[in-house]
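These notes open a run of structures that come right after.
Each of the two complexes below includes chain A, the first together with chain B, the second together with chain C.
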Partner chain A sequence: MPVECNKGEFVMITEIFTYIDPEPPVPANGGSLEGITVAVQPTMGVRGWPTEAGSVALERYVALEDATVVDRLRREGATIIGSTRISELGFGLVGDTSARAVSEGAVDVALAMDTMGEARIAAASAHLFGYKPSYGIVSRFGLIGLIPSMECFGMIARTPREISSVLSVMAGKDDHDFSMSDEFPDFESFDAVTVENVKLGVVREAMEFLDQDAYRAFRSSLSYLEKAGMSIREVSLDEYDLFRTIHNVIGSVEASSSAGKYDGVRYGHRAQAVKNWNEMYLKSRGEAFGLPVKAYLFQGAYFQFENYEAFDSACRIRSMLVRLMESLHETVDYLILPMKSGNVPASDMKTIDEIYGLCSHALPANVTGVPVIYMPGGLFGRETDPGFQLLAPRLGDARLLAFAAHLFDQAEGGV
Partner chain B sequence: MDYEAVIGLEIHIQLNSDTKMFCNCPNRPGDEPNKNTCPVCLWFPGAIPQFSGEVLEKAALAALALNCEIQDHTAFDQKVYYYPDLPKGYQLSQFHKPLAKNGWIEINDDEGRPKRIGIRQVHMEEDVARLVHETEGKTPISLVDFNRAGTPLIEIVSEPDIRNSHEAMEYIKVLRSQIRYVGSAECSMEQGTMRVDANISIRPRGSDHFNTKVEVKNMNSIHNVGAAITYEISRQAERLNAGESIVLHTRLWDPDRNVTVAMRGKFEGPCVPDPSVPPIIVSHEWLSDIRSRLPEMPSGKSERFIRQYGLTRDEAVLMSSERDLSEYFEAVAGDAVTPRTAYQWIMTQLNPLLKDYRQTISETVVTPKRLASLLAMLESDVLNAKSAREVLSKLFESDQTPEAIVEQYGFRQVSDSDELEGLVEQVLSDNPQAIDDFKAGNEKALGFLIGQGMRASQGKANPKLMKDMITRKLQE
Partner chain C sequence: MIYRERTHCGQLSNADENREIRLAGWVDAFRDHGEVLFIHLRDRSGVVQVVFSPDASPADVCEKAGQLRNEYCVAVTGRVFRRSHGTENPNIETGGIEVVATELSVLSKADTLPFPISEKAMVVGATVKGVESVAEDLRLQYRYLDLRRPSMQHNFMQRHRIFRCVRDYLDECGFIEVETPILTKSTPEGARDYLVPSRIHEKQFYALPQSPQLFKQLLMVSGFERYYQLARCFRDEDLRPNRQPEFTQLDIETSFIDEEFMYTLLEELTVRMFRIGGVELPRPFLRMTYGESIDTTGSDRPDLRFGLRFIDATDVFCGTSYGIFRQILQRGGCIKGINVKGQSEKLSKNVLQNEYAKQIVLGFGAKGMTWMRVIDGTLESNIVQFFSRKEQQGILERFDAENGDVIIMIADPSYEIVTSALGLLRLHLAERLDLIPRASYSPVWITDFPLFEATEEGITSSHHPFTAPDRTDFDPDNRDDLLALHSRAYDLVVNGEELGGGSIRINSKDVQRRIFQALGLSEREVEEKFGFFIRAFDYGIPPHGGLALGMDRVVSMILGTSSIREVIAFPKNRSAFCPLTQAPSRVAQEQLAELSLLDLGGSEKLLPGSEQEDNPVDALSWVSRIAVDDSERSHIEKAVDDARRLAEIVNDCRGSDEPLFSVVSVVNRTRTEPRARRSSFAENGELFRNAPSVKGDFFKVASILE
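Let's look at the complex of A and B:
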């Protein structure tokens, strides 16, 4: 089933996009997303588009099928404009342009694969809202991922309402993805929320990771909420520092397996002048992957082959962390976490340690599969404030987004 | 020293589901290469495996046929290794949470006593692609056929309860029969839908130690499994007697030379829980539905055949060994046909003809109904045995009923004594010498005269009636 890439060569390239659809299909009439423009990433399948996932390992790979998400968005009238730039296999944020596609006005909503906070961290760099849905409510069919148990279609937009309307279309059962949830958030029933009696909890141990300036800026971001009459109390999660280790161990093991299929035989980069298949494998993969990905895959293989016990422990600790998050959510409606620990640009974070340092506060939501929204700083305080993340229990997406939209309206109204 | 062998078998069986394990491609590995493929079984980026409910049912039925306990919570693992027949870098298999555990089957040991062989576990796994290495020509190339990639297998791991070749071969036969009974697989070693690996170690008789084992592969018939085990036991005994020790390794059976040969150490990869295929939670309702589909199994059926039909134990075991055969037998043996006649005609007359005509018992044109009407005529003396055999041959060539064939070819037996009277008179007057011999006490002469009478009737005379009439005449 050969699929021809639209317009042959990959000529439609800009600073933001690796590919722009030269002839987008006429949008469906009367859908809930009529007039909305969306950017995808080259890890998301659009039939006939180059889908190289930012990696030589997938060079000249053209998607055979539409991702379920792409199909659902188009049916509701959205136009998929093009595919943004991404770091290799979406690991880290070097060269990522998803947030720029929104901030520079190219699209209304950018989809960004969120495996370790990418959508939120990219949003934070451009004063936009970033969102990661509950695990299992959006089909992953057609997503070229790296860490299947953590990755999601994340979103970046100017308002929580845009995120909500796009997510309500993307979410839902898909026969192509058996790992999906049996239950889904009800986006209809959360039109009107109030902030009265809302209980917020900020995780004490997360703040201990912030230096003095970052702490002050974070508290300043939250002051808006307090002024609006919401009580924020401190809650404790002693094991907070484990999220990073657990994500790193499990993530690298899953990545090592997921990237195993890039052998250069059926598609992607294939080394020339080799003596036998073994050498072809080694050379093709050696030439294909960049340093951070290579290091991450090596690390995963280490746990698989040499230290399975550590991986096994990590899986058990992960279950414990899921339960701890659930019990915290029994005491508060939303958890608050900082987004960033410092001010180094995401594009400078290139080693595994640096990437995890950049993402550390984003990881709890990926490890435990709960929904999370990044609320940009400029809205609620000074322009330079770092903003914060709001986390809800799993499947609490509709309520979380309605709450965020309410806060946004109040901020816009100049409360 | 007197040694005893400790043997465990690992048997891979290809299930006969319509589709592959994680996609809707047809489960037909033999088709034109790479015809039955899709983004899932080619492991294209963005594809997600979708586990087949039909495969789960067939695997569970097979496990139940081996008296296993289906586990409430079962899941897939990734068996990680890199080889061109497995281009995603891992095989989806079950290691930590297998489908079923704690089963057993009963065999007869080499002295005919019943013996239970334990089954440790039954788990599911996907098969890998087929490699074809073309070494002829200037540049050797390796070709990959993905038709087999992702087709469903179950692996059945026995306890180390087997002690010799006889038991190993019996175990395979009984296991094969029970799995065929539930319709989950064809189980043909010759066609590669059943593959047997043997783990063999030996120890001084009376010891309860487990010594270092050797794995033997590449046996493509039950006979070869027996031969390989016998060879390997004596090879290990010789080594030990020579003061050497046994090291853990894998050997291949060489059927041409009848020896096992050491192969290069095989790398065992790790097994990591797979994050893409959701765990399988078996509900009580689902399991009772599967259980309700279990047919009467061969051991129970053979007991019933002894009770209900009066077959001997050997006959009953034979008649219940294959489900198709047992159902055919029961469809023939009925009011008009005694079970013994049905058994004898199926074994001695029908079976050779099936071979000649290359038909199977389940698909033969000689349906149980047609054979039953034929045998009913035999038993009510409408036909004699010789004619019945001829009618049976004709049933393979014609779609007429046995009754119509009997009428058309005049096979009807002559049981009318008036009609036979003349024949008998003629035979006696033609053979005065034989009459004299008989009267002189030579019993054989009677047989000769009956034979002459049957010949004169062109085989249609009722032989019993003919005998009675000649005997009476001679005694007059």
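Let's look at the complex of A and C:
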């Protein structure tokens, strides 16, 4: 079915994009993002654009209004080029093309919903920088989400500075999003940082997940950092494996609740030939969700309807994990975590277990809401290096990005 | 706190100035002015303002008061002062005074409320947000809080007073209240029975009473002569907005009386009940036969607060050349109409033709509608040219038409269609044109109902088979004769709503036998169903009759509530479900086994409603309304098994931290705009842009019932 866009024109669809704006609005003059091109995903509202979130549940859905970030980016002169392909409702990475949009030069920055590390993992597959900001500093208004307490607008770009300049525009108070923080990072005061005396902490328990080659490559990235004058120490987080468990419990409950709105009445897919109201729901929703998402929704329904105590327990454990992360950040400036634990391509991640397996090191940042940047492999060593993640305390986004930019400059200069 | 020392909030007045008093109740609202804290303290009697001020209250009391929140249950000691001029609060009856607290004890704390309870603003001119926008199911789930609201308390005080008035009056008249059983025998009366399985008698059932009909008649055989009961009755009926599965009816039966006795008794009682709500009903009540009521209003429960009575115009058109009318009259049909006086400005050609004639009346079952507006002494209409001058003159005279009137007629071969469609149209027009005077009450007795109604198989009783016919010389095998019989039944109707009804009963065994015969019941069926009752006819049954009034409906009408659920303490919702207790609910397999209900009907399958019926995926599929097909099932079963495992892990190491739902700390957010606004997408219709199916201004969905 052809999609009608706001100007009624023919819509070009490519391998990377589900939609390309045939006639983008003329960029505002003099903004801080003049000349910057950005890709969004079809979970992010742009008025008049098809916004199907990669799901039958939202088939033929056309956004009625702009997401707050879209409006903010355009006002600073950025051009939104189009929507990249996305896995169903942004769960996992099957079919995701956000990183390709950057690596193939279609845009400068790709926005990618980061619920369990998607933006960083996509970036890792293309040797790009991936970023997830502190939870609550970027308005989620206009984002079709699945796990509201943990998802963010993630970013993929070639340099940390591009991420920083886009994030500084996207972040800020929005009356449409009640879940936001009252505090925001200050992007003005972190232009110059030094790497001397910076303390980095490597989480020992995360290392145990790596196979030998990955471990060796990871260590060699770290030794570069040591040479640059930073001290690296091992820190311990006994409960490391709980990040995955509680993300699964809380995430599935929130997904089950968020997906409740897909009833096929106001928008989206409606099953044909149904006898009554209940059957309309059952069949429409039965046809609306693909397997991994559907299985995830059943897990959520199980916790909600048959074992609510487990959800409550998971939220208590989240409290503990946030507390433990905060205390680790009191002893070091940044935490270092690996990104991927194996070499399985994202497109093979078809079950919940496989998806969580791929994302397990990305989850701590989503669960505790802290900012995290993925530093691509090859920057500080061999091309085969897997790269690593740097985590800062919540709202430490500006300092983290300035630090990453500094490392990037040094590496560029050094290599 | 000693109850003897307690004073009630709502009873305080200026006369209590300077009294030292003790109060107990709930914190209705509070206002914190920094140093000084005001609360509204509410108990059953009303609301009074209590002040905690550092000048007059001890420091520890002020500090404790700072912790108070809405609906904390507290006891307060203090002194009554007259409020200074200009600070009185007209919103509460005790607004001229306030109590300055010297002691405070928190009897128990309250959590955050699911909806507001306070109904009294603390300052002049302020308004209080009511519960109108709260979902009714939420109110029902927290009914004990909903009932704390003063307006609900008022409803139940009034209900109590109305019930007491019934008891007092019937006692004055020599009636006694006798209770009849709740576990009784299933009888084939109008609605479906609620059944209760018997444990002792395997596979046998009691039924909950739909009314104590047979018992009250047996009490007449027993010689009590004047019986009443405020009886709980049960009907398993389909969903209707203003019905409850159980309801309370005033059940009356008396011996050696006639219809006139019942009218007098009930009119006096009804007048007294309405007087409690401040309504003075006119007496005597109007009386209308069923035939007259149908003929002039199209309904057997006519709303007589306004005119718009039907006028027959069939004879005006005998011999007409207007084809449609001629054909209808040839097929034995009739033409009736109403004169909507002086409304031609509001009922334009467009409204009459495009809304009423083309849409509305079709929904009422009519095939069409004829309308005429009276302009300058002549008729104006899209078809008036088909009527002869004589017919036009005839209409003007018959409908007593004057300039500005609108005459609406419906013609059909079927009398029933003409009267019922015109009856619905009459109500629709009255509502639309605002012709119904508010706060007026028009009680009427409807009498002379047909005893039987025709059905496809034969005939059936209009009321119940014990209702006396108007004559006893009928032939039980002559259908036409039977359908011509009238009953000695009477309904009490107020404002178009049936409040109750009753009849003089049959007290002759021979008449009763012939009625059963007319209904096509064999002697064996009669014996099985009513044997115990008919036997009593052999032992000197007195002439008797009675009536039942739906008390929930009566109270609701007197108090003017939007629904009968507002006058029932713990009602079921519209799906016959109780959100508070979650009834009905599943029961354990063992309970069903004990009742011998597992193998009823011979099916191997477990009965629906027994707990182990579903496998977990089916149960989750149902509650989350997501269908699963066979190819997906094993994958999803595994995911649910995994979830069970995850649950064990997290429950094992939950720890003692408070649950964290968001890493952003919780803060109150209030809308920056003063008023809620409709979305512009709702206003400009864009909301419908993405909808799979739309009809007019609505999302179109599958029907709720099959």
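Definition applied: the second predicted complex is superposed on the first by the 405 of 415 C-alpha atoms of A that agree within 3 Å, B and C clash if a C-alpha of one lies under 4 Å from a C-alpha of the other, contacts with A are read in each partner's own complex, and residues count from 1 in each chain.
Methods note: a contact is a pair of C-beta atoms (placed from the backbone, for glycine too) under 8 Å apart; a residue touches a chain by one contact, two chains touch by 3 or more.
Predicted model only: the values in this text are computed from it and were never measured.
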With the two complexes overlaid on their shared chain, look at chain A and say whether chain B and chain C clash or fit.
clash
Where does A:141 make contact in the superposed view: on chain B (first), on chain C (second), on both, or on neither?
first
With both complexes superposed on chain A, which partner does A:45 reach: first (chain B), second (chain C), both or neither?
first
After superposition on the shared chain, which partner residues are touched by A:149: those of chain B (first), chain C (second), both, or neither?
both
Looking at the overlay, does A:298 come into contact with chain B only (first), chain C only (second), both, or neither?
second
Return the chain, chain B or chain C, that is in touch with more residues of chain A.
C
A:53 in the overlay: touching chain B, chain C, both, or neither? Say first, second, both or neither.
first
Regarding the shared-chain residue A:286, is it in contact with chain B (first), chain C (second), both, or neither?
second
For A:252, select first, second, both or neither according to whether it touches chain B, chain C, the two together, or no partner.
second
Tell me the contact category for A:176 with respect to chain B and chain C: first, second, both or neither.
first
Between chain B and chain C, whom does A:64 touch in the aligned arrangement: first, second, both, or neither?
both
Determine, for the stretches 9-17, 207-215, 387-395 or 513-521 of chain C, which one clashes with chain B when the structures are superposed.
9-17
Enumerate the residues of chain A that count as touching chain B in its complex and touching chain C in the other.
61, 64-65, 149, 175, 178-179, 260, 263, 265-267, 277, 281, 305, 315
Touching residues on chain B, where the partner in the complex is chain A
39, 42-51, 78, 80, 82, 84, 87-90, 142, 144, 269-270, 272-278
Within the complex, which stretch of chain C touches chain A?
616-617, 619-629, 632, 635-636, 638-640, 642-644, 646-647, 649-651, 653-664, 667, 669, 672, 681, 686-687, 689-693, 699, 701-706
Chain A - residues contacting chain B, complex:
45, 51, 53, 58, 61, 63-65, 67, 140-144, 147-149, 175-179, 253-254, 257, 259-261, 263, 265-267, 277, 281, 304-305, 308, 311, 315
Which residues, counting only chain A, touch chain C once they are in their complex?
60-62, 64-65, 135-136, 149, 175, 178-182, 239, 242, 245-246, 248-249, 252, 256, 260, 263-270, 274-283, 285-287, 289, 291, 294-303, 305-307, 309-310, 312-320, 322-323, 351-353, 368-369, 394
